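Listed after this line are the structures, all set down as structure tokens.
Common to both upcoming complexes is subunit A, partnered first by subunit B, then by subunit C.
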Partner chain A sequence: MTPNQTDKLATQLINFLVAVVVLILLFLLGDIILSGFPHISWHFLTSPSSSFSAGGGIRDQLFNSLYLLILTLIISFPLALGSAIYLSEYAGDNWFTGLIRTAIEVLSSLPSVVVGLFGYLLFVIEFHLGFSILSGAIALTFFNLPLLVRSIEGSLHAVPDSQREAGIALGLSNWRTIRGVILPAALPGILTGIILSAGRVFGEAAALIYTAGQSAPILDYTNWNPMATDSFLNPMRPAETLAVHIWKVNTEGVTPDAVSISAGASAVLIIVILIFNFGARAIGNHMFKKMTGGK
Partner chain B sequence: MDDIQSKLKSPSKASREDIFGRVISYTCIAAIILLVVSILYFIASRGLATFTSNHVNLISFLTGQEWNPGALDAHGHPQVGALPMIVTSFSVTVLSALVATPFAIAVALFMTDIAPKNGAKFLQPVIELLVGIPSVVYGFIGLTVVVPIIRQIFGGTGSGILAGTIVLFVMVLPTITSLSVDALRSIPSYFRSASLALGATRFQTIYKVLLRAAMPRLLTAVIFGMARAFGEALAVQMVIGNAVLMPHNLITPTSTLTSQLTTNIGNTIMGTLPNNALWSLALILLLMSLVFNLLIRYIGKRGAIKS
Partner chain C sequence: MTAILLTKNVHLSYGKKEALHGIDLDFDEHGITALIGPSGCGKSTFLRCLNRMNDLIPRTTVTGTFNFKGQDIYAPTTNLVELRKQIGMVFQQPNPFPFSVYENVTYGLRLTGHKDRQFLDEQVERSLKQAAVWDEVKDDLNKSALSFSGGQQQRICIARLLAVQPDIILLDEPTSALDPISSAQIETTLLALKNEYTIIIVTHNLQQASRIADKTAFMLNGNLVEFDLTSKMFTQPEQQDTSDYLNGKFG
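This part shows the complex of A and B:
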């Protein structure tokens, strides 16, 4: 075979493999949306789940997922921002910084089930928080931190040094330069990072099974007192999320319409994550254009 | 005089602000370090309890094939042989990485060299969407699509290493692909120009120049993918069958470290041997993720492109 023929053959092989990957994605999305969409109805989204009879909905699970996501972001964003500012603005090039980077890498490569078990051991058992939204949010924070730190650090790094020099030249302290000049400039990137990580948190289940628990008690959506046990705002109640619900109805198998519930719930999950993904890009682009004065 | 002296010697408003900022960011970083150390400490102390307080032999734990922590064997030792789970975990990890790598490198080459403009524009969202699909959804599709197909073709229950491999293949594909794209993009363009100027075809350039120059980083990409596959819990748990048996072929039900953990840790009592043995499995997972980490660092250091 001449080199030219080999070249053509290899190109065709690569094209074929790429086509297979694209087909896999199309099949996945098609399967999820097509098999799940017929099950999504107002009733499905707004009625509580039932374990032993068909026709249950996902109202509480959907709310729990969103509530958990918000709590997780409230805990993890300040921590991640502080750490990213340290790494990008204050850290010197020495062994200590190397140690920190290694620690973050280790944290990001830990399997999420190990992070969940650690949360279970420390918060559920040692601190007696029980299976609760709070334990779940803390476990998800551990899982979310390394990614968030890395993406925020990346956006801070992308701000040109001339901006820092300009701030210092105006007689501002380092901290005011960071707060007043660098953070606003890095905001589009930071927001994109947060929304993308929100998508991951929303779909995570392994870290939650033994921290937020696998039960969804009846909630009272009119009770705004976070201390009441049946209030939807109570952070100390066990809370099964949407992703955990899909896992549970498929593995424990007592719900008669498990397949249609999980098909519907998967479709809802994917649609929300798609919205996050496209939203992240749209917001990032929009803010970037607005701040740089482009059109 | 004293007034001026103290004014000059005391820190200015700006430097006080800066100290304030430093304290905040140092606290955050300290919290992360504390967190990592305590994860390592707690999992290790729990995981080692099997060997220190239950006096299980480490060798027999790693090589035993009988897993039934509640029962004793003929010699009065507890039956905690983790080998079936270790073998299964490694099999699904290695197999899925083997299947995924050619696809991942093909997609990466398509994006960087074959159709750099439109290919990248079109495939980037494809990769991002594949990353975005949650693992339970992969597990659910595996359970409703992959397992029945295997059952039809090969008979049996359909769950097992093959089903696990297929599900993990799709899950690690985007990880390996996006890191391979970075690897190929980091090769200086004069490598390509020089090869093409010598009259090499595109495939010769890819095969003899690009893949070799990018080899260390492609290897790290594959290891990243393997680390993800090794630690994946729910998707695998849903399709693997969850029977702690030594896998004899690819289509009999078996169990990985992660699936055993998710299935049983809630059904055992804290501090008893069955529970401690599960924590030992978690410790193996933790140690393996550290090993993957070390490998990535080692290869990264050895293989940096010198310019």
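This part shows the complex of A and C:
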């Protein structure tokens, strides 16, 4: 074969592989949204779920998913940002940082059921947090950390060293250089990390069954006191998320409309993830433009 | 001429390998000194000693005397932030921050607590004019510095440095990544600055050194071979090595 032919063949092969991936994605998205969309109604989104009779909604589960995501990010983002800055900007290349990196990788490959059971034993039982959003958020932090740390570290690394030299040669301290120059430049990458980890939080079920629980008590959305037991802001209440709800309806649901509930809930889950994804990117682009004066 | 920066017996090693074998160089206040020599002769390494940029490279040891206006640059009590404000640096690759031109130039000033908008505006105009890039960017001060050409970016970097009013400007091959026209503009800029600032420039380009430098130092394999007035060195070099290098026999 001539080099020209090899080049053509390779290009075609790559195009084919990409087409396969795109087709799988389109098929999955299309199937979930098309089969779930007819079941989504205002009533479905705004009424509480019911255990036995038909016509239950997903209002509380949807809110729980979002609330859990926010709590998880509040806990995991500062931790991840700090460790990523340490690993990328301060740590030398030695056995100690190697150990940290290996530990982070091991953490990311833990099966979620194991993390769930660990969270159950430690937070739910030992620390008396009970089945609660807080227990769930801490367990999810374990998943989130490796993903966030690695992606933030990667995006900090991608900022050229010439930027660090520029800051330091201008008389900026190390920290001012990081805060004022490196972090803004790395913002788009950091945001991608948050979006990826958010997807995992939305979709996680196994770890939450043991930590955030499988029940969704009736919530009062007008009670803004996070200490009240029926307040939607109370982090100590059990909270079934959308993904857990889908799992439960499918495995032990006795409502006659279980199939349509799970189809609708799946579609809502996907749509919410898409909205979060595009929204976060739009906000990130806006911030990046504002900080960097556009292009 | 009074010397503003005196160095004596400068040795530098990366790990076990010694890269500078005892350099003595004094730099006069105001004016341009060029450091020339073939690749790997240690000229950039020496330059980076002067504002302690080599501190960033692990396992680097520097010995010798560095006297800047009566103060020891390598004294344990030296405030690096202050030092680098007084001895600023421009690099081979233009490296403006990914912010607007205005923010690039005012960055150092705002760090030191200057907030007055009018003062900042004046400094931006003064610095950009001194760096001879004002006319090209004055209508686009809020545009990202990265959207300008390489030569303009490099002059924005010079303006960013001038805004904090350093005593000494170190330039590490500032034009080697630029086209001839941009290089010529940078040279004009430097010539205009030399009456107010002490400029030390590392360059590969012998013509550049002969065009702009008052004094030139020729380095070879980590040693200083010759240091003299540029006009003298380029016409009557004292060392055979210098003559050979200037005549293109090696390098």
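We adopt the following convention: the second predicted complex is superposed on the first by the 248 of 295 C-alpha atoms of A that agree within 3 Å, B and C clash if a C-alpha of one lies under 4 Å from a C-alpha of the other, contacts with A are read in each partner's own complex, and residues count from 1 in each chain.
Methods note: contacts are C-beta pairs under 8 Å (C-beta built on N, C-alpha and C of every residue); 3 or more make two chains touch, one makes a residue touch a chain.
Predicted model, so just to flag it, every value in this text is computed and none were measured.
Undergrad: Of the partners subunit B and subunit C, which touch A:Ala139 in the superposed model: first, second, both, neither?
TA: A:Ala139: touches no partner chain.
Undergrad: In the superposed arrangement, which partner chain does A:Ile273 touch: subunit B (first), subunit C (second), both, or neither?
TA: Once the two structures are laid over each other on A, A:Ile273 reaches subunit B alone.
Undergrad: So which one touches more of the residues on subunit A, subunit B or subunit C?
TA: After superposition, B is the partner touching more of subunit A.
Undergrad: For A:Ser173, select first, second, both or neither according to whether it touches subunit B, subunit C, the two together, or no partner.
TA: It touches subunit B and subunit C both.
Undergrad: Please indicate which partner A:Leu208 is in contact with in the superposed arrangement: first for subunit B, second for subunit C, both, or neither.
TA: neither
Undergrad: Can A:Leu71 be said to touch subunit B (first), subunit C (second), both, or neither?
TA: In the superposition, A:Leu71 touches no partner, neither subunit B nor subunit C.
Undergrad: With the two complexes superposed on chain A, say which partner A:Gly199 touches: subunit B (first), subunit C (second), both, or neither.
TA: The first partner, subunit B, only.
Undergrad: Classify the contacts of A:Val114 with the two partner chains as first (subunit B alone), second (subunit C alone), both, or neither.
TA: The first partner, subunit B, only.
Undergrad: In the overlay, answer first, second, both or neither for which of subunit B and subunit C A:Leu147 touches.
TA: neither
Undergrad: Where on subunit A do the contacts with subunit B and the contacts with subunit C coincide?
TA: Correct list for subunit A: 171-173, 176.
Undergrad: Across the complex, what residues on subunit B touch subunit A?
TA: Listed in rising order, the residues of subunit B that touch subunit A are 13-15, 17-18, 20-22, 24-29, 31-33, 35-39, 42-43, 46, 102-103, 106-107, 109-110, 114, 119, 123, 126, 128-130, 132-137, 139-141, 143-145, 170, 173, 200-204, 206-207, 227, 230-234, 237-238, 258, 261-263, 265-266, 270, 279, 282, 285-286, 289-290, 292-293.
Undergrad: Flag every residue of subunit A that touches subunit B in the complex, lowest number first.
TA: Per the touch definition, subunit A meets subunit B at residues 3-4, 6-7, 10-11, 13-15, 17-18, 20-22, 24-25, 28-29, 31-32, 35, 78-83, 85-87, 89-90, 99-100, 103-107, 109-115, 117-118, 120-122, 125, 142, 145, 149, 171-176, 178-179, 199-200, 202-206, 209-210, 243-244, 246-247, 250-251, 259, 262-263, 266, 269-270, 273-274, 276-277.
Undergrad: For the complex, which residues does subunit A have touching subunit C?
TA: So the residues of subunit A in touch with subunit C come to 92, 160, 162-173, 176, 180-181, 184-185, 291-295.
Undergrad: Could you pull out which subunit C residues touch subunit A in their complex?
TA: It is residues 51, 53, 56, 58, 81-85, 88-89, 91, 93, 95-103, 107-108, 111, 142-147, 157, 160-161, 164 of subunit C that touch subunit A.
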